[in-house]
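After this come two complexes, each holding chain A, first together with chain B and then together with chain C.
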Partner chain A sequence: MITITVNGKEIQIDKPMTVLEAAKKAGIKIPTLCHHELLESYGGCRLCVVEVERMPKLQNACTLLAADGMVIRTESEVISKVRSEMLELLLINHPLDCAYCDKAGECELQDLVNKYGPTVGRYKEEKRKVPESHTDPIFARHMGRCVVCTRCVRMCDTVQGASAISMIERGGRTRMEPFSSTSFNCEYCGNCLTVCPVGAILSRLYIHSYRPWQVDKEIKTICPYCGVGCSLFVQVRDNSIKRVIPKIGQGLNNGLLCSRGRFGYEFIESQERLKSPLVKEKGKFKQSTWNEAFHFVAGRLMEIRELHGGKAIAGIASPRCTNEDNYVFQKFMRMACRTNNIDSISRIGFAAAQKYIEDLLGQGVTSNIIDGLKNSDAILVIGGDPTAVNPILGLAIRAAARNGANVIVVGNAKGLVPIIRDKTLRIIHPVFREADVLELLLTNIFKTQDVRAEKPAIDKRIKELSEKPVKMDIKEMEKLVKILLGSNSISIVAGMELVQRVDGHRSLFAIAALTYLLEARLFLLSEKPNEQGLIDMGCLPDMLPGGRPINVGDFKHKFEAAWKESIPQDKGITLMEMIGAIRNKDIKALYIMGENPVFNLPNGHYIREALESLDFLVVQDIFLTETAELADVVLPALGWAEKDGTYTNLERRVQLLKRAIDSSSGIEDWKIISEISSIMGYEMDYSSAEKIMEEIAKVSPLYRDLTYKEIGAGDCLWPYHGEPLRGELNEVPVAVDITQDYKADFYLAIEKPLFHSGTLSRRASALRKICPEPTLKISPQHAGKLKLKEGDRVNISTAQGTISVPVSIDASITDNRVLLSNNFENKGVFNLLNFSLDKVTKAPGIEGCEVKIERK
Partner chain B sequence: MFNETVLKEIDEIKGRYPDFRSALLPALYVAQREFGWLSHEAMSYVARTLNLPEAMVRGTASFYSMFKHKEAGRHLIQLCTNVSCMILGAERLVDFLRTKYGMEPDNTTQDGRFSLVIMECIGACGTAPAMLVNTDFYDNLTEGKIEEILDKYK
Partner chain C sequence: MTTKELVKKVFFIEILQGLALTLKHLFTPAVTRQYPTEKREPFPGSRGLHALVRDAETGREKCVGCGLCAAMCPSQCIHIYTSEGENHKKIVDRYEIDVLRCVFCAFCVEACPYGAVVLTGHYEYSDYNRDAFYYTKERLLENWDKYMSGEKGKEYFEKFWRPKSEDFGFPTVSRTGDIKNP
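Coming up: the complex of A and B.
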C-alpha cells in the first residue's frame, strides 16, 4: 500500500499509478491538456505541474509515479504562474477565434485560459497562418488552432491502430496531417475528434450548425449498426440529430466509436422515409389510413389462416428491431397467425452458428465479454474481419496484439493484417476451405491434448475426425498448434463466412470442439445490433423465448399457460426453406418486419420471384426497400432513434434504446403488430415497450426479473436470474462431407466493408461521402494479370447476372477471390451469387461462384 | 517502385536494426538518392518496403530539413544565413544568387539546374559564410568564389 498526501489529504493506493491518477481517485482535479484518459501519459503540455516536497523543481503529475510518503500540492502561486505562462506560450499561435469556432463552449483550452490564463499576452509577433482544409469528406482541419498536444496522433496510432495521421514538420510549423494532405483516407472512426481539446479537427457533418450549449437534449442510446452495441449520446436540437458522440466510462465502448456509429445516423432523417401506410391496388401503391391498413392486413391473414391453416403463413423477424418488437412478433405469429414459421436473416450467419454451437456446448457459450479479449495470450480469427464487421471488438484484438498476444488470422481479415505484421501468423488457405483448415487444426491439437471427457458426443466426433484427417498442406500448422498449446488464455473469433458454406456445420463443429478442448473464449461476429436478442425472443421456428426448445413439453406448457393459447402443432421451417415453400405454394402469406430479403439474401432474382408469387405480403419498414416494393401492404415503422426498447448484444448484454426524436409518420413495430393481432382475435394491449419487457421478464428464463431500471443502470448480462440450458446432444449432427477443389480463374465472394451495412448506411450521406459506390476488390497479382488499374470499370458476370463496377486493388487479398459488397442499390453482390443449403444448419452455402471479369 | 538492387540495399539496412522502424531514416535517404526528392509516391514505397504506416513515414521525413519535399533542380545549393554567416555577408550572397542566377530561396531555377535552400548553421562559423552544393562543402565564400564554384555544376 502506498500513501501519498495531496493538498493535505492522505490518499492510499494499492497499485502503481501516476500522481495524476491518484489525485483523481481522491477527487482532486489537476488541469491537463495533452493527457487523455484513453491514452498513455505523454508529458508534453506541462499544465499538470505540481509541487512535490523535497523535489527541487515542479513535476508533471501525469508522468510522475506516486511513491510512498510523497507530499504534493496541486495549486499554489508558483504553479498558477507556470500554468499561466505555459498557456501564454500556446496562445502565441492559437488564433482566439472562439467567436466562430465550433469548439467554443466545450474547448479545453478555453476553459484552462479562463481559469489560469493571462489576460494579456506579451508576444506581439504575428500568429502563424496555416490554411484551413475542407477537402476531406468528413473532417475539417483548422491547424492554426492546433496546440500540438498530439492526442489525435496517439489515438490513431495506439488505440485505433490505424496510424493514418501524424505530426508533420517541426517547431512552430508543427501540425497534424494525414498522409495525403487533402483527404484522411482512413477508417473514419472519428476518435481523433473526440480527443482534440481545441477546434483543430472538426466534423463537417455539423460544422457551424449549432453551439454545444444550444443542444436541447442529450439522450443515451445504443448504436443501430452492429452486434457490439456501443453506447451513443445523441444530441438533439429542434427535433433533429445534430451530433452523435461517445463518452468515456459510458458503455462497453468507453469513449470509442467507429465510422458507422458516429457518422451513420443521418438515415433516420432521410427524405426517403415512408410517410403513411401503403396498400397496393391493381399493382400501384395507394396511401391509406392506419385503421384501413390494420383491418385489411388482419382480414387477409385471417382468410388465409381459415382457408389453408397457419402453416401457410410465415414471418421474418428483424435483428434491427428491438427485443420488444421481436417478442411481440413471434407471439403474434404463433398465437394469432397460428404458425411456427418464424425466422430471420440471422439464419445466414449468427443464428445458425449460435444454435449449432449452443446445442453442443450449452447456452451462452458464444457470448463472452469483449473487454476480456485484451487479456488473451492468443487470438484465433477466422471467417471474417472483426475490425470491419464489429469494429470496437476489432479494437480489442488490436489492443491485445499491442499487449503481446499472438493474433492468428486465417484468411483475409484486412484490418488485422497491418497489426500482426511480421510478429505473428497469417494463414492463407485454398478458397472456401475454412472447414478443412479448422478440422486439421482440431485433429492436430487433439494429438497432444486429450479430450476432456465431459461431452461424450463431442469426444466421439473428434475421435472420428482424427481417424481420417484432412489432407491439406498448411505449412504454418505446426507453429499455430504450438502457439495455441502454449497459451493460457485463448480467444476464438469466428466470422460468419464460416456459416455461409455448404459444409458450414463442419467449421462450426471444429470451432466448438476447439473451444472445448482449449477452454477458449468464443466470440461470434454479429453484423446486426440485435441478433442475440432476436434469438432470445424466440424468433426461430424451433425455439421459444429464452432459447427453450419448442418440442419439450414442459417448456411449451409454461408458455401456453402464460399466453393463454396453445402453441401450434406444426413444425416451423427456417428462412431458406420458407423461400422454397413459397415457391411451392405451400406458404401463401408472408409477414416481414424490418427486413429486405430480396436484397439481403443470395440469388436475389430467385427470392424476388418467390415473393412475387405470394398471395399476400406485408412489409413493415422505415423505407420503401426492394422487398417493400413487392408488398401488398407496406406499414411505416419507427426507426432506431425514435423508439424505446432494448437490444441484446453479442456478449448477451441487454441495453436500453431510448427515443431521442419524434417522428410523425411511423408507429412502433410492436404497436402495429399488437393492433393487427387484436383485430385477428388474439388480444394484445401493451401500453409501452417497458410493459412488454415486464412480460418477457416473467416468461423468459433468461431475462427473469429484468426491469428497465436495472437495464438502464448498465451491466445486465443474461442469464439474469434464470438458468441457461446445457448442451444435451447425444450425437453431433453431420452431413455428407463434400470437399470440392475450386480451380476456376476467379470466384466471387462477399465483402463486408467498414463503412456500410446496407439499407440504412446507403441512406446516411456521410457514409456515402466516405464510400460512394461499390468497387470490385481484387488482388494486385490478378489485377496485373488482367491489366486492370485502380478505378477501371469492369463488367462482372455470373450465372445470375452482370454488374458493372470500378476495380479497387486490395493487397490484403491473396487468392483468386474477387470481393464485392452487398450495400448499394442495384449493385449488391447477393444478386450475383447462388447458394445451396447446408443440410445441418439450414444456412445458405455461398461458395464457388465462378465469375467473369471483363473490362468495360 | 524501387528496382531490385535498391530493394536489396534496403533489405540490408533493415537487417542492421532490431525493428523496421529504426531503418526508416537510412531508407528515406536511399529513396531521396534514387528519386531526387521525397514525393508522396516515394514515401509510400518506403512505407510499403518497411511495412510502416505511410503517415508515420511522412511525419518522420518532414521533421528533417535535409529531406527534400519538393521536386528539386539537378544541384541543391544550401546556403547558411545564421549569425556568423550573416555578419560576414551571407545575405548579400543570397542577393547575388538571385540576380546572377535567378535563384529564389526554396525554389528551382527555370532551367532546372539549381535549387536554393537557406539552411540553418552548418557548423562552419569560423570560416563563414558557408554553403553546401549537393554534399560538397565550401566556405569563406565571396561572390567571385561562388561564381567559380558553380561553374563546376552544370
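Coming up: the complex of A and C.
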C-alpha cells in the first residue's frame, strides 16, 4: 500500500500508478494536454506540473510514479505561473481562430488557456504558416493548430497499430503528417481525430456544419455494422445525424471505433431510402397505402397457406434487425404462416459455425469477452482477417501482440501481418485447405498431449483423425505445437471463410477440438451486428428461441403454452435448401426481412432465377435492393438509428439500440409483421419494442428476466440469469472427406474489406470516398507474371459471368487466389462464384472457383 | 385636532396646493410628443431591431457563424446554420432571429468577436403576422443598409466598442487560411 498526500488529502493506492492517476482516483483534477487515458504517458507539454516536497523542481504528474510518503501540491502560484507560461509558448504559433475553428467548444487548449492562460501574449513574432490540407477524402488537416502533443501519432502507432502518421520537421515547425504526405491512406479509424486535443485534425463529414454545443441530442446506441457491437454516441441536430463519436469508459470499445462505425452512418439519411409500400402490378411497382399492402400480403400468404400448407412458405430473417424484430418474425412464421422454414444469411457463416460447435461443446462456448483477448499469451487466427471483419476485436489482438502474445496467423489476415513477431508464425497453406492445416495441428497436439476424456464423442473423433494418413506437411508445425502447449491462456479466433468450404465442418471440428484440448477461448468473427441475437431469437429451422431444439417435446410445449398455438411439427429447411426447394416449386412464398440474398449469396443468377419463380415474394427493407426489385410487395422498414431494440453481439452481450432520429418513410419491422400476422388471424399487439423484450424475457430461457433497464446499464453479458442448456452430441457429425487439389492458374475468393459491408455501406458516402469501387486484389508475383500494374483494368470471368474491375496489388496475398469484395452494385464477387453445400453444416462451400483474368 | 388642522381641513388647503401645481403646468410648454406624428431620433446605442453588419470591402456579412451570439442569447432566438463553401471556407447559410422572442439584452452584440451583429435604433416594426418578425440573414443585412450604414455605423462602433472595435475587422485571417499575427 502506497500513501501519498495530494493537496492535504491522503490517498492510498494499491498498485503502482502515476501521481496523475492517483490524484484522479481521489477526485483531484490536474490539467493535462499531451496525456490521454488511452495512451501511454508522454510528458511533453508540462501542463500537469505539480510541486512535490523535497524535490527541488516541479514534476510532471503524468510521468511521475507515486512513491510512498510523497506530499504533493497541484495548485500554487508558482505552478500557475509555469502553466501560464507553457500556454503562452504554445500560443506563439497557435492561430487563435477559435471563432472559425470547428473544435471550439470542445477544445482542450481553449479550455486550458481560459483557465490558466495569460490574457495577452508577449510574443509578437510572425506565426508559422502551414497551409490547410483538404486532400484527404475524410480528414481536413489544419496543422497551424497542432500543439505537438503527439497524441495522434501515439494512437495510430500503439493502439490502432496502423502507423500511418508521424511527426515531421523540428522545433517550432514540428507537426503531424501522414506518411503518404497528402491523403492519409490508412485504416481510417478516426481514432487520431478523437484524441487530437485541438482543431488540427477534423472530419470533413461535418466540417463547418455545426458547433459542439448546437446538437439537439446525443443518443447512445450500437454500431450497425459488425458483430462486435461498439457503443456509439449519435449527435443529432434538426433530426439529422451530425456525427458519431465513441466515449472512453462507454461500451466495450472504450473510446475507439473503426472506419465503418465512425464514418458509415450516412446511409440512414440516403435519398434512396424507400418511402412508401410498393406493390407490383403487371411487372411495375406502384405505391400503395400501408393498409392495402398489409391486406394484400396477408391475403396472399393465407391463400398459399390454405392451398399448399405452411411448408410452402419460408422466411429469411436478418442479422441487421434487432432481437425484437427477429423474435416477432420467427413467431409470425411459426404461428401465422405455420412453418419452421426460417433461416438467415448467417447460415453461410456464423450460424452454421456456432451451431456445429455448440452442439459439440455446449451452449455458450463461443461467448467470450473480447477484452479478454488482450490477456492471452497465444492467439491462433484462421479463416479471416479480424482487423477487417471485426476491427475492434482486431485491435484487441494487436494489443495482445504488444503485450507479448504469440499471434499465429493461418492464411492471409492482412491487418495482422505487421504484428506477427516472427515469420514462422504465419502459416501459408495450399489454397482452400484450412481444414488440413487445422487437422494437422490438432493431431500433432494430440500426440503430445492426450485427450481430456471429458467428451467421449470428441475424443473418439480426435483419435480417428490421428489415425488417418497425413495430407499435408507444414515445417513450422513443431514450433506451433510448442508455443500452444507452452501457453497458459490461448485464444482461437476463427473467421467465416472456414465455414464456406465444401468440407467446412472439418475445420469447425478441428477448432472445436483445439478449443477443448487446449482449454482455449474461442471467438467466431461475426460480420453482421446481430447474428448472435438472430440465433438466440430462434430464427433457425430447427431451434426455438433460447436455442431450444424444436424436436424436444418439453421445450415445444412450453412455447406452445406461451404462444397459445401449436408449433408446426417438422423441422424447417436451411437457407440454401430453401433456394433448392423454391426451384423445385416446393416453396411458393418467401418472406424476406432486411436481407438481400440475390446479392449476398453465392451464384446470384441462380438465386435470382429461384426468387423470380416464386408465386409470392415479400421484401421488407430500407432500400430497393436487388432482391426487393424482384418482390411482389416491398415494405419500407426503419433503419438502425430510427428504432429502439436490442442487439446481441458476438460475446453474447445484449445491448440497447436507441432511436436517434425520426423517419417518415417506414415502420418498425416488428410492427409491420404484427399487423400482417393479426390480419392473418394470429393476433399480435405489441405496443413497443420493450414490450416484446418483456415477452422474450418470459419465454426464452437464455434471456430470462432481462429488462431494458438492465440492458441499458450494459450488464447483460452471457449467461445472464439463465443457464447454458442443450445436450451435447454423442457422435460427431462427419461427411465423406473431399480433398481436391487446386491447380488452376487463378481462383476467385472473397475479400472482406475494412471499409465496406455491402448494402448499407455502399450508400454511406464517406465510405465510398475512402473506397469508391471494387478492385481485384492480386499477389505481386502473379501481377508480375500477367504484367499488370496497380489500377490496370481487367475482365475477370468465371463460369457464372464476367465483370471488369481495376487491379490492386496486395502483398499479403501469397498464393494464386485473386480476391474481390462483395459490396458494390453489379460488381459483387458472389455473382461470380458457385457453391456446393457442406453436407453437415448446410453452408455453401465456396471454393475452387477458377477465374480467367484478361487485360481490358 | 388642533386649530391649525381644523383650518386646513375646512379650507381644503392641501387640495388648493395641488391645484396650484396643476395651474402652473397649464402655462408651461408640453413635454409629451405626439407619436406617431412626432418622432424622436433614437440615441446611438439604443437597442432596437437587429442588423447584421455588411462589410464594406466584401459586400457580404461580417459574421463567420461562430455561434457565440446564439450561445449567449438568453431567449435562444438566434439560429445559425453554416456549411463548407468554396475552397473549404466556412459560410453562413442561414442566420435567423426570431425577434418576437428577443429581450433586447444585446448580449449577442457583446458576444460577437467580430462586431458582426448590432442592435440598430430602429424600433418601429409592428406587423399583422408573426412571420414578419422572423428575420433571415438577407433581411438582417438589409437592416444594416437601412439603419446603420455609413457614418452612423462608424459612430456607433467608435462610441460603444472602442478600444475593442479597433480589433474588429473582417476576419480574413482565417478565411484565407493564412495565419497572421493578430
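The definition used in the following text is that the second predicted complex is superposed on the first by the 849 of 856 C-alpha atoms of A that agree within 3 Å, B and C clash if a C-alpha of one lies under 4 Å from a C-alpha of the other, contacts with A are read in each partner's own complex, and residues count from 1 in each chain.
The rule is simple: a residue touches a chain if its C-beta (ideal position, glycine included) is under 8 Å from a C-beta of that chain, and two chains touch if they have at least 3 such contacts.
Bear in mind the structure is a predicted one, so any value in this text is a computation, not a measurement.
Visitor: Between chain B (first) and chain C (second), which does A:673 come into contact with in this model arrangement: first, second, both, or neither?
Guide: In the superposition, A:673 contacts neither chain B nor chain C.
Visitor: With both structures superposed, pick whichever of chain B and chain C touches the larger number of chain A residues.
Guide: Touching more residues of chain A than the other partner does is C.
Visitor: Is A:575 in contact with chain B, with chain C, with both, or with neither (first, second, both, neither)?
Guide: The answer is neither, since A:575 touches no partner chain.
Visitor: Touching A:140, do we find chain B (first), chain C (second), both, or neither?
Guide: After superposition on chain A, A:140 lies in contact with chain C alone.
Visitor: Please indicate which partner A:180 is in contact with in the superposed arrangement: first for chain B, second for chain C, both, or neither.
Guide: Only chain B is touched by A:180; chain C is not.
Visitor: Between chain B (first) and chain C (second), which, if any, makes contact with A:131: first, second, both or neither?
Guide: Touch partner of A:131: chain C, not chain B.
Visitor: In the superposed arrangement, which partner chain does A:381 touch: chain B (first), chain C (second), both, or neither?
Guide: neither
Visitor: In the overlaid three-chain picture, which partner chain does A:209 touch, first (chain B) or second (chain C), both, or neither?
Guide: A:209 contacts chain C only, not chain B.
Visitor: Using the superposition described at the top, list the residues of chain A that contact chain B and also contact chain C.
Guide: Correct list for chain A: none, the interfaces share no residue.
Visitor: Under the definition above, what is the set of chain C residues touching chain A in their complex?
Guide: Chain C residues touching chain A: 64-68, 70-71, 80-85, 88-91, 113-114, 171, 173-175, 177-182.
Visitor: Taking the complex as given, what residues does chain A use to touch chain C?
Guide: Against chain C, the touching part of chain A is residues 95-101, 104, 124-132, 134, 140, 144, 204, 207-211, 213-214.
Visitor: Which residues of chain A touch chain B in the complex?
Guide: My answer: residues 153, 156-157, 162-170, 177-180, 418, 421-422.
Visitor: Given the complex with chain A, which residues does chain B contribute to the contact?
Guide: Checking each residue of chain B against chain A gives 40, 43-44, 51, 53-60, 62-63.
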